[in-house]
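Multiple structures are listed underneath, in C-alpha cells.
Two complexes are shown next, each including chain A; its partner changes from chain B in the first to chain C in the second.
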Partner chain A sequence: MQDALKGLLRRHGLIVAFMVFLAGVALNTDAFLSAGNILDVLRQVSITGMMAVGVTFVVLTGRLDLSVGSMLTLLTVIVVDQHNQSGPLMAMIITLAAGCALGAINGVLVGYIGLNSLIVTLAMLSFLQGLVLFYSGGSNVNITNAQDTWFAVFGRASLFGIPVPVVMFLAAAAVAAFVLKFTTFGRQIYGVGGNETASVFSGIDSRRAVFWTYVISGLTTGLAAIIMGSRVMGAQNTIGQGYELTVLAGIILGGTSLLGGSGSIGRTVLGIAMLGFIQNGLLLLGFPYYVQWLVTWAVIIIAVWIDLGAKRGRIFA
Partner chain B sequence: MTDVILEVRDITKTFPGVKALDAVSFDIRPGEVHALVGENGAGKSTLMKTLAGLHQPDGGEILYMGKPITVAGPLEARQEGILLIHQELSLSPELSVAENIYLGAWPTNRFGVLKKRELRQNSAKALKALGCGFGPDVRVGTLSVAMQQMVEIARAEAFRANVVIFDEPTASLTDNEKDQLFQTIRNLKSKGVGIVYISHKMDEIFDITDRITVLRDGQVQGTVDTAGTDLNQITRMMIGRTLDNYFVKAKAEFGEEVLRVEGLSNKGLFRDVSFSVRQGEVLGLYGLVGAGRSEVVETIFGVRKADGGKLWWNGAEIPLPTPRQSIDMGMALVPESRKEQGLVLMMGGRENTSLPHLQLFSSGSIMDKKKELETYRKYQEALAIKTTGPDQAVSQLSGGNQQKFVLAKWLCANPKLIILDEPTRGIDVGSKSAIHELIAELAEKGLAVIVISSEMPEVLGVSHRVLTMSEGAVVAAFEGDGLTEENLIDAVSHQPASVAAE
Partner chain C sequence: MTDATTTSSQSTSPFGSVIQWLLRNHIWVFLALTIVVFSLASPYFLTVKNMSNILTQGAFIGILAIGMTMVMIDGEIDLSVGAILALACALSIGLQPVIGSWPAVFVGLLSGAALGFVNGTLVALSGMHSFIVTLGALIGIRGLVFVYTGENALMVEDFAYTEIAEVYLGPLSLTAMLFIALALFFQWILSSTRHGRETYAVGDNIEAAHDAGINVKRHKIINFTLCGTLAAVCGILLSMRLGTAEPNAGKVWELWTIIAVVLGGTRLQGGYGSMWMTIGGVFTLAVLRNGLRLLNTPNYVELMVMGAVLILALVLDKALNHRGDH
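For the complex of A and B:
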C-alpha cells in the first residue's frame, strides 16, 4: 500500500501536487473553478499551447527550438501589417508561409547541416528580433478596420460557447497527436529521438525528419500569430518576448523529455494547461503578477529533475 | 574463518510482470571460479546486480564473511570488496584510466580536492599488477574493449576486492585477449579472490571454472563441480534437453550472384575490398576485433560513406546505396552493437521490429497496428523472446533477448541478402543453435548471407566460404577442405604485405 503510494507519487508526483494546488486555490477563491474562469484560462494558453504543439515535435527528436518567441513577434507584425495591405486571407497565407520558411531555415541548419539546435535557434531568436524592427521600422502596427473585419473571429469569437482560439488549439493538438501516434512520420520522430544511430541503421532519414519538425514548429507559430494578431488587433515589437520559455516550460512540465524519444502531445496540452491554471490561480490568490515567473522557474527545475531521475532509473536500474 | 565469502539465501526479485529471481541460494568460496549459466533472461545479471547493489532484493538475505549485509549501492559494494564487471562496459570515455578506476570514490583531501598523485600512483600499481601495457593517464575512450575491461578489473586490485563478478566478459574479445583475461582471472584466484563467471560460451565455462550453478526462469536448478559434469548435463539443466548437432550447414546449392563489391575503400578503416556472394551462399568474414569487418559491411549498407569502389546488385552495377535504398532493395544488416546501433531502447519489441520497414506496416502513411502486432507475435514466438508484452521497453530485457529483437527486425521483411555482424553475441546455447539453424534455413530458401563472427567454430560451422581480414584488408579466402582452424589462425596472424611494409 505504502509502496503503491510511493510509486504513484514518483510517477505522477507533479500531477498530484497540481491537484493539491487546484484544491487549495478553489477553497480560497470563488471564481477559480467556474466555467467562465476555466474557459478564460484555456483562452489565455491557446497561443502558447498552439506553439507548444509544434515545438513538441522538435523536442521529441531531442532538439530545441528557442526561436519561436521572436518568430511569434515577427509573424504577428506580418499578419497585422498584411491585413492592412492585402486583406485578411492573403495576410494569413503569407504568415503561415513565412512561419514554414523560417522553420525550414532552422531545419536546414539543424537537420541537414547538423549544427547544434540550441545555438541555431538562439541565433535565430536574435536575428528575428532585428528583423522585426527592420520590417516595422520600430513602430507598432494596428489593424485599421478593426471593427468590421472577419479576421476578429480567431481571437475573439466563440463556437458553441467555446472560444475559437481554444478550438483551434485543441484541433491542432488532435491532428498532431494523430500524426505522432498513428503515422510513419510520427514513428520516425520517436525513433530519431530515442536512438538516432539505431534509426539511421534502420534506414530512417533522420536529417529529413528533423527538418520537418522545425517546419511544423514554424507552422504552429504562424497559427499562434494569427490568434495573437486577431486578439490584439495590432502588434508591438516585443509581443512574443519570452514565449519560447513558457512554451518549453509547458512541454517539460507535461513530462516530455528534453533528451528526446519520450513524451506526447497529450502531455504537452496537460503541461500547458497546468501552467495556465497555476498562473491564474496565483493571480486569483492575490499575488502580484511577477510571482508567476518565480513559480514557473521552480516548476521547470522540479520537472527537469524528475525527468532526469526517471531516465537514470530506466538506464541503470 | 569460513570457507564461504559470500552467500545469498532465498533471494527473490520481482519486476512488473516477471519473477526474475525466485528463492535463489548461491555461494562463493575464496579462490574459486564459480560459473553462473542459464538461458537468456534466466536471471543471471539480475542476481549479480543485487550482489553489487544495483538492485535491492524483495526478499532473502546476503551473508558476507558470515554476516548479513545490505548492499545499498554500487559504490558501497565496491568498498566492501564486491566488484561487478558489467555485461556492457560502464566507463566514462572522457576520463583518464586512473579516474575511471576510482570512479565515484576518488581520494580527496579535507577540502574535497582530488589527490592526483595518490590517484595516479595507486592506479599505476594496480595496472602493473595486472600487467597492463598502458598507464594511468591515458583517456579511456582511446582504449580497445579489452583494455577497457582491464581498467575495470584494475578496480579489483585498487579496492582489494574479495569477490569479482564477470558478466559475459569475453563477448567482444579476441582469442588472444581472452587468454590474457583468463590469466588475470587465475591470478586473482590464486590470491584467494572468489570469482563469479557468467558466460554463454561453454568451452570457457569448462576451461576456467571450478563449480557451475545453473539458473532457469529465476530458479536454481543445481550446483555441480565442473570436473564431475559434462556439457550434456549442463545443457539439459539449462534448457531441459540436450543439443546434439551443434552446427548445421546449409546445402551448397548456389544461385545467381546477389552482391558484388570491387575495390571498396574507406580511408583509415579498410582498403581495396572485393568479394561477391550468391543466393543460397553463406559467406563468413573472419578476423580479429578491429580488422575492419564491421566497417566494410556498414559501408556497403550505406551508413558509412565510401571513398571508392563499385557495387553490383543482382548483376547490375549501381551507385553505393543509402541505408534506405539498401533496405528497399532487400538488404538487411544486423549490426554489431545492439544498444547503440540495433535498438531504440525505450520502444517496445513491436515498434523496434517494424522500425526499418514502416512502409510495409502502413497504408497511406498510417500505421497498421494489427499487422505490426501479428509480425511481432510471429517472431517473438519463433525466436522464443522473453518479454511481458509487445510494448515492454526493450531496455528492460536481458541482453540476449534484446539481441533477438535485433534479429527479428531484420528478418521480418524477407530480405534477399542478410548481413549478420556477430549475430550470436550474448545468446544462450539453445537459441544459438536455433540461430545457426535459422542461418542455414535462410540460405536454403535462397537468401545470400554474410556472417561476421569472432568465434572461429561459428564461422567455420555455418559458412560455405570464409574471407579473412586483417588490418583493413582481405588477406585470404578459404572454402571446402580449406575451412580449417589452422588456416584461419594462420591467415589472420600474418599481416598483409602492404601493412607490414608501412
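For the complex of A and C:
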C-alpha cells in the first residue's frame, strides 16, 4: 500500500499536487469547482493552450519558439483587418496561411540552415512586432460589423454548453496527440529530440522534421489568433505580448523537457490548465492579481525540480 | 587554448595581429560601418552631443549585457534581468521616504544580488536549465514589483536624487562612465583572473572543468549573483535618470540584452566570448536605434532592422566559422 502510494507520487506527483491544490481552494470557496467556473477557466486558457499545442512540437525536438507572442499579435491584427476587407472566411484562410508561412520562415532558418532557435525566434519576435506596426500603421483595428457576423462563433458561442474555443483547443490537442503517438512524423519528432545524431543515422530527415514543427506552431498560433480576434472583435498592437512566456511556462510546468525527446500533448494541456486554475483559484481566494505570478514562479521551480529529481533518483544535482 | 591564441598573434606583425583581432571581433567592423553610413546620412549623427547621447542610451542595456556575458560564457542564460532591474528601481525610490536615499540604493543593490544568488543556487542545486529557472524568476519577480508598487508608478520626492546621475566628464555621463569602467573591469576579470579562466572552462566543458577541480556550483552561483547585482545597478541608474519607478520598467530588456551580447559574438553554448565583443554589440545596437531615429524612420523599421541584423549576424557567423549550433 505504502509502496503503491510512493510509486503514484513519483510518477504522477504533479497531478497529485494539483489535486491537493484544487481541493484546498474548493474547500475555501463555493464557486471554484462549479461547472460554470471550470468552463470559464478553460475558456480563458484556450488561446495560450492552442498555441502551446503547436509549440510543444517544437520543444519536443529540443528547440524553442519565442516568436509566437508577436506572431499572435500580427495574426490577430490580420484576421480582424481582413474580416473588414474580404469577409470572415477569406480572413481566416489568409490568417492560417500567414501563420504557416511565418512558421515556415522560422523552420527554414532553424531546421534547414541550422541556426540557434532561441536567437532566430527572438529576432522574429522583434521583426514581427515591427511588421505589426507597419501593417496596422500603429492604430488599433476593430471589426466594424461586430454585432452581426458569424465570425463571433469562435470566441463567444457555445456548443452543447461548452464554449467553442474550448472545443477547438481540445480538438487540436487530440489531433496533435494522435499525430505524436501514432504517426511516423510523431515518432520522428521524439527521435530528433531524443538524440539527433542517432535519428539522422537512422534515416530520419531531422531538418525536415524540425521545419514542419515550426509550421505547426505557426498554424496553431493562427487558430489562436482567430479565437482572439473573434473574442475581442478587435486587435491592439500589443495584444499578444508576453504570450510566448506563458505558453512556455505551461509547457514546462507540464513536464515536457526543454532538451527535447520527452513530454507529450497531455502534459502540456495539464500544465496550461494548472496555470489557469492557479490564477483563478488565487483570485477567488481574494489575493491581489499579481500574487499569481509569484505563485507561478514557485510552482514552476518546484514542479520541474520534483520531475527532474524523480528521473534522477535524488533531489540535488 | 588561450595561450595558443596569444602566442600565434604575437608571432605575426602588428598589422597582422590587428587583422586577427578584428576577425575575432568582427562586430567592431560592423559598428564602424554603421557609424560611417549614419554620418553620411544625417548631419546630426556625428556630433559630440549625439555621441554622448548614444553612449548614455547604450549604457543601460550595456550594464545588463556585462552580467549576461559572464553568465552566457558559462553556458547559461538569465532571463530575469529586466524584472530584477524593475525591482531595484522600485525599491531604491520607494524606500527613500522611509530610510533615506543612499540606504534605499543599497537595499536595491542587495535585492539584485539576493535574487541573482537565488537564481544561481537553484540552477546549481537542482540541475534545472537556467532558461527554466530564470523564466520562472522573470514572471515571479515582475509580480513582486507589481505587488510592491501597488501597480502604480512611484515618484521620487527629493529631486536632488535625480541630479546624482547628471555628472558629466566632458561628453561622458556618469552612467556611460560606469558602464565603460565595469566593462573594462570584467574584461580584466575574464582575461586575467582565476575566476575568468574558470568561466571559460566551465562553459567549454563542464565535466572537464569539474574533473580539473573547479567548484562548478559555487562558480555558477557567483556569476548569477554578479549578473543580478549588475541588473540592480542598471535599475538604480534608471531610477536616477527617470525619477520614477514604473512597474513595467525594463520589460523585454532581457531580450535586447541577449540580442546585444549575441550580436557581439559571444556564444549561447558557452566557452566563447569577451567583454570587447559585448561592448561592440551594445554600441552597435545603440547606434542603429539612434541613427534610425535621427533619419526619422517610423518605429517599426527599428524593430524590423534589429530582427534582420540579428539573423544576418547568425548566418554570417555560421558561414564564416563553419561552426554549427542548435
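Operating definition for what follows: the second predicted complex is superposed on the first by the 292 of 317 C-alpha atoms of A that agree within 3 Å, B and C clash if a C-alpha of one lies under 4 Å from a C-alpha of the other, contacts with A are read in each partner's own complex, and residues count from 1 in each chain.
Everything that follows uses one rule, which is that contacts are C-beta pairs under 8 Å (C-beta built on N, C-alpha and C of every residue); 3 or more make two chains touch, one makes a residue touch a chain.
Not measured: the values here are computed from a predicted model.
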| item | value |
| --- | --- |
| Touched partner set for A:Asp205, first chain B, second chain C, both or neither | first |
| Contacts of A:Ala17 with chain B and chain C, given as first, second, both or neither | neither |
| First (chain B), second (chain C), both or neither touched by A:Tyr190 | first |
| Touching partner for A:Arg63 - first (chain B), second (chain C), both, neither | second |
| Partner chain in contact with A:Ala146 - chain B first, chain C second, else both or neither | neither |
| Chain B versus chain C as contact partner of A:Leu39, first or second or both or neither | neither |
| Partner chain in contact with A:Leu170 - chain B first, chain C second, else both or neither | neither |
| Chain touching more of chain A, residue-wise (chain B, chain C) | C |
| Chain B versus chain C as contact partner of A:Ile113, first or second or both or neither | second |
| Set intersection of chain A contacts, chain C complex versus chain B complex | 316-317 |
| Touching residues (chain side chain A, partner chain B) in the complex | 182-188, 190-191, 194-195, 197-205, 261-262, 314-317 |
| Chain A-touching residues of chain C, taken from the complex the two chains share | 77, 122, 124-129, 131-133, 135-144, 146-147, 151, 217, 255, 258-259, 262, 268, 298-308, 310-311, 314-315, 318, 324-326 |
| Chain A-touching residues of chain B, taken from the complex the two chains share | 54-55, 301, 303, 322-324, 326-328, 333, 335, 340-347, 351, 354-356, 358-359, 362, 365-367, 393, 395, 409 |
| Chain A - residues contacting chain C, complex | 62-64, 109, 113-120, 122-134, 138, 196, 245, 248-249, 252, 258-259, 288-294, 296-298, 300-301, 304-305, 308-309, 312, 316-317 |
